[in-house]
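Note that the chains are named A, B, C, D and E in the order they appear, and that numbering of residues resets to 1 at the start of each chain.
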């Protein structure tokens, strides 16, 4: 049984540790985001939508994986909201919910074949970030 | 001074240069790096969500190992430094994480964040001293215009990392200066290279890297240095080739007059893809 | 025999909703000593006060307890009512059953029980109260204003106008403050110095005003009506009464590398300098850190060229000691350091400037003669981007949690002035909210957007960097939901303002309370906005909180009127709750004297009759006019000779016992 | 007649149930608050409706330096389970220096109480300004929680005075 | 010590004779030779009873103020004999203006440690009639009804002398002493640390046991030179703590804690409270705790080291430690 949307939003708030109510809607997170163009929803939208309990659309969006976890939004947010943590929480919940992964070990040999220089760090990160 | 040293998996495989030259230089500077026994991969990314404990445990083990030796824990890879520092901060400040982690690991003496995690650069600045380092330089890199590329993980979030001013950092510039070269300050040095997203979207990384390299070049940089294997990968892969990219330790090795550094790809960095996966502990 | 009356206020439903007032009354009636108890909807109303007065008369009450709101609210009201009914006003105790009880508890039973206990404690205390008589103290008919900006100047002018003497202490070499640095003022766009200079001149000319510039308050003693202040007048190395302000020394001085503070360090000034053309006093000052003569003993050029013989390298700091009846804090503000926000590249790019720097660039007396030029290469800019809220409303620790209040308006002013003077320059303003509450303020901002085509973008800037000889601004437009990247020749940061760093030190000397942002706390945010809770200390201008010029001037006038009201009095009634020493118990050990912050305790050796034994003893004496009633002496006194009226050992113990019962 | 007598009647049974509960131990806590900062901070907590347990009763003193250690010992003797002293932040004392003296006295007293075996944590000093209503409430909640954890003050309570 | 003793007695007589002083505050034997108590000698003739021996532990500083000798000028100067530790108390009383320096002539008398007759008896020695000292002062020959025996001085010292602060006089007009440079003996805070290291419940039990012995005789208060109040708060109804009898367990704690707090920062650790306690309660453990805390929290401070000091409880530093750091320092 899937939880109601509002309750999932509450889980997002809880596991992200982010106080989304502190947001004053200045948009600095989105102004600073290097992955802005790659993502359908932008950091400030994540914060606002989670605050409003509207997480379903966010959970469906695959471009959430494009967040670089560069923490620039966390660093520069004047309100200490930590938008990247909200994005991360959405991604984790989406992966847990769907049971699937955006990245499977089967992909690795192909990637390495294509580019032998890929460092372990990238693979491990991708596993951690993209898998359940 | 002896440090417990945490190389991390990438430094054992793809980034052997970062590790090898780092150890050589430390020895030359009279700093002892003792690799901790049976370390495990730190996980490469810090698990931001609060309900993850298991993914923090290998970092806690490493921190605890250093604590048991009574030493500070030295890191070289930006990602490892990031993960270890943040997990340590959790252990220090978050009673919930602390209780759970100790519960899992059941150490003889519970761990509460006592270890100090030190990056190689901080060791050079605070333990060796950049002034002493400058005197140890046998082969000053005169005339070379070098840009520091910090990336994200060393600097942010600054409240936890406490590495340097997150928006106008100077530690690598001071390092470059100590080696006799001219540091080039450019605004993009703390912007993301694309990180692991490169596996999903090369385009995104290419765009980021090219913006960084353009900005560095516009400010007069002729080469870049970094402490992160993933940054190195992205910068080399998506750079235009005209910009030489090196690890901080390679530059240091050269300046200390310990020998010349081999060209990228031909040096110690070699390994099979299988090594990469196994070494990274992905089988678990 | 004590006859106590207890009065329980409902405060409408404020108390009655959580406290069963009838139960409190019933409980009061059975307390020993209580002969009368009653509740009423509003005890502070006239009808309520009449209930108290009538009961005092009818039941010959010797003391009363009012269970009501905080004593900080209505203690004075009820004391007056008691006095009107012939009861000594200090025979009144308040049980705070609103702020400390009904308002914070939801459970009525718990609330009622606590109200009972608080009532009992107050009854226990009032049983031990003794009638007190307030004393009198003098009022020195002179005021001190700390800070010579527009706030201080206006306060001083108004006080002087009422016929009282005022001293202005200004830490800089000239009065004028921040307003002197501004080019134009909103929303009228009149020239700042054109309206400020006449006030500065007036202050100089006034017979009642003494300007003590290049000086700082060093020590403050005393209390309302009778402050004793020591002022350090820093050595100027130029005789103030001799210098003619001709400026020849400035021209000849070989040490010209000092940063010109008046121009926000955008250009240089010599070691000997007059801060700006309209400075008052129009007298030079030597920067001793920069002067060659003072540092090496060589040079002395200024002395040679000075025809008035005003230079004196041997000058020392001087101290002025003066008495004042009232003190006004007008210590002003400064912009925060923009290098804390280096994502905007303030530290590394010269063309990223703060708003106050732009004021100087736009000003005819500024470093560029009033021509808008890029600081990096002196070229005309074609595009200017303004970033608002740099460090304001910031709780991350880098900035200030409050709104700096003036930035929206001055940014609109800057944008409008640039567009007016240079129509070829594109102006973009990144804003979070445009806040324009003020007469003609929103109209002003709309004019910038509508008539002057200033491009207002709702969203913040994330990063500014330099590329190919211009600046690149990456921001967000939240309305179109786009990340925007703009090229700009200049970026102007509307940095937050913060209280001047001297404010904390001065406030501590004055024992004026200060908030976590270092703004001085007012006695009441709505009803006593220009007074500090410390009697005799008044607040003028930004030291109390961010405000613009019209607001500063009105507050300055309000502070002045409070000062005048105080100085008009010949005597002040003093707090009778002061320390008292029992000479029969006193050991004469001097411990109390050492901890008294007011020097209110002295010693006398005289003949004591201790229950028939006559002895000459050294005993403590309290000067009731100086004692402020803190009670520090009572605790260090080992023998318990020293006690505090109104808060005696026995009274507090009685409260403790009533609470713990 | 108070209007809310009806409300009382309605809640009769609930109140009774609670009355039986109150038979259980409830801490007694005395808070000494200086008039200028902490008492005003308590007022602000009240006007901001920030609750803290009703077991805490405030005694107004002009300054934290007015608090004689004997008051604290007296409170314990009379059955208090915890005593907290609140004053202006160091440096902000209305009387300039009062809280500095209080700080030394209380440090020594607290150490002595510990020395004779009284549980640590039954006494506390907190600096709360007039502007810190929220902090006042927080401090009181924390202290009440601590005292509840410590339980009844059997060690120094004067049993004779308890009846 | 016998050599010093003789010189002291001679010099006292001399000073009286030549009119330098009008009286002598010293010690006099009571019923037994070891019951030496403070006494005032108004005539040269009476000085025959003046003694200075191993049993003159009493601190004469307090004696001066209880008799108001030193505050009255028109009675001429008084000679007072002060042992090194007594001079601290004298200085403290000077600081507190309880004495007039001009009215007193201080003869600093050397001391090698006072003996506790109870400890001699505890060795099983009964019927003591006198003692003689060995040349080096380390041995005592105890004469008894049943014969003589030799014992070590070290084993029978008064408690306070076991941890002597040193043999230097902090104030004097004239000195008769041959061991002025001798430093402190033992660690006076050892006993405090021992107690501190116990579990809270053990400490509580310790004090419960010790203080339950208190009979409220006020001997400690009467002997204490810092308890110099003209009227004690415990005797003063207006203080709110005037106490009754020792009816319950907390009352003594209250009394002793308040007493210790009243003298905190003023107590010179003269040890008289414990010495005079008929019940043998180690009251000095309270005072030493305060002294130890003061030293640790606010820097070394020895009350009475010199006259005119500003005590630690009437001073402060902006960076002083927070009281909670004292109570938060560990779990309970």
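In this section, a contact is a pair of C-beta atoms (placed from the backbone, for glycine too) under 8 Å apart; a residue touches a chain by one contact, two chains touch by 3 or more.
Bear in mind the structure is a predicted one, so any value in this text is a computation, not a measurement.
Touching subunit C and subunit E at once are the following chains: D.
Looking at the partners of subunit D and subunit E together, the chains they share are C.
Set against one another, A-C and A-B show the most C-beta pairs in contact at A-B. Put simply, the chain farthest from subunit E by mean CA position is A.
If you average the CA atoms of subunit B and of subunit E, the two centres end up 66 Å from each other.
Averaged Cα coordinates give subunit B a centre that lies 49 Å from the centre of subunit C. Separation between the centroids of subunit A and subunit E, computed from CA atoms only, is 74 Å. With centres defined as mean CA coordinates, subunit D is found 51 Å away from subunit B.
Within subunit C, contacts with two or more other chains are made by residues 343, 397, 463, 595, 636, 649, 652-653.
Multi-chain contact residues of subunit E, defined as those touching 2 or more other chains: 233, 239-241, 313-314. The multi-chain contact residues of subunit D, meaning those touching 2 or more other chains, are 69-70, 74, 91, 97, 101, 105.
The set of touching chain pairs reads A-B, A-C, B-C, C-D, C-E, D-E, using the touch definition from the header. Residues 10, 13, 16-17, 20-22, 39, 70-73, 96, 98-101, 103-111, 113-114, 117-118, 121, 508, 511, 513-516, 521, 533-534, 577, 595, 597, 628-632, 634-636, 644, 647, 649, 652-653, 655-657, 659-661 of subunit C are the ones touching subunit D in the complex. Residues of subunit C that touch subunit B in their complex: 339, 341-343, 345, 347-348, 397, 463-468.
Taken together, the subunit B residues at the contact with subunit C in this complex read 159, 165, 167-168, 185-188, 191, 214-215, 218-219. If you check the complex, the residues on subunit C that touch subunit A are 343, 389, 393-399, 432, 458-463, 474-476, 478, 481, 483. Subunit E contributes residues 68, 71, 95-98, 228-233, 236, 238-241, 262-263, 266, 310-311, 313-314 to its touches with subunit C in the complex.
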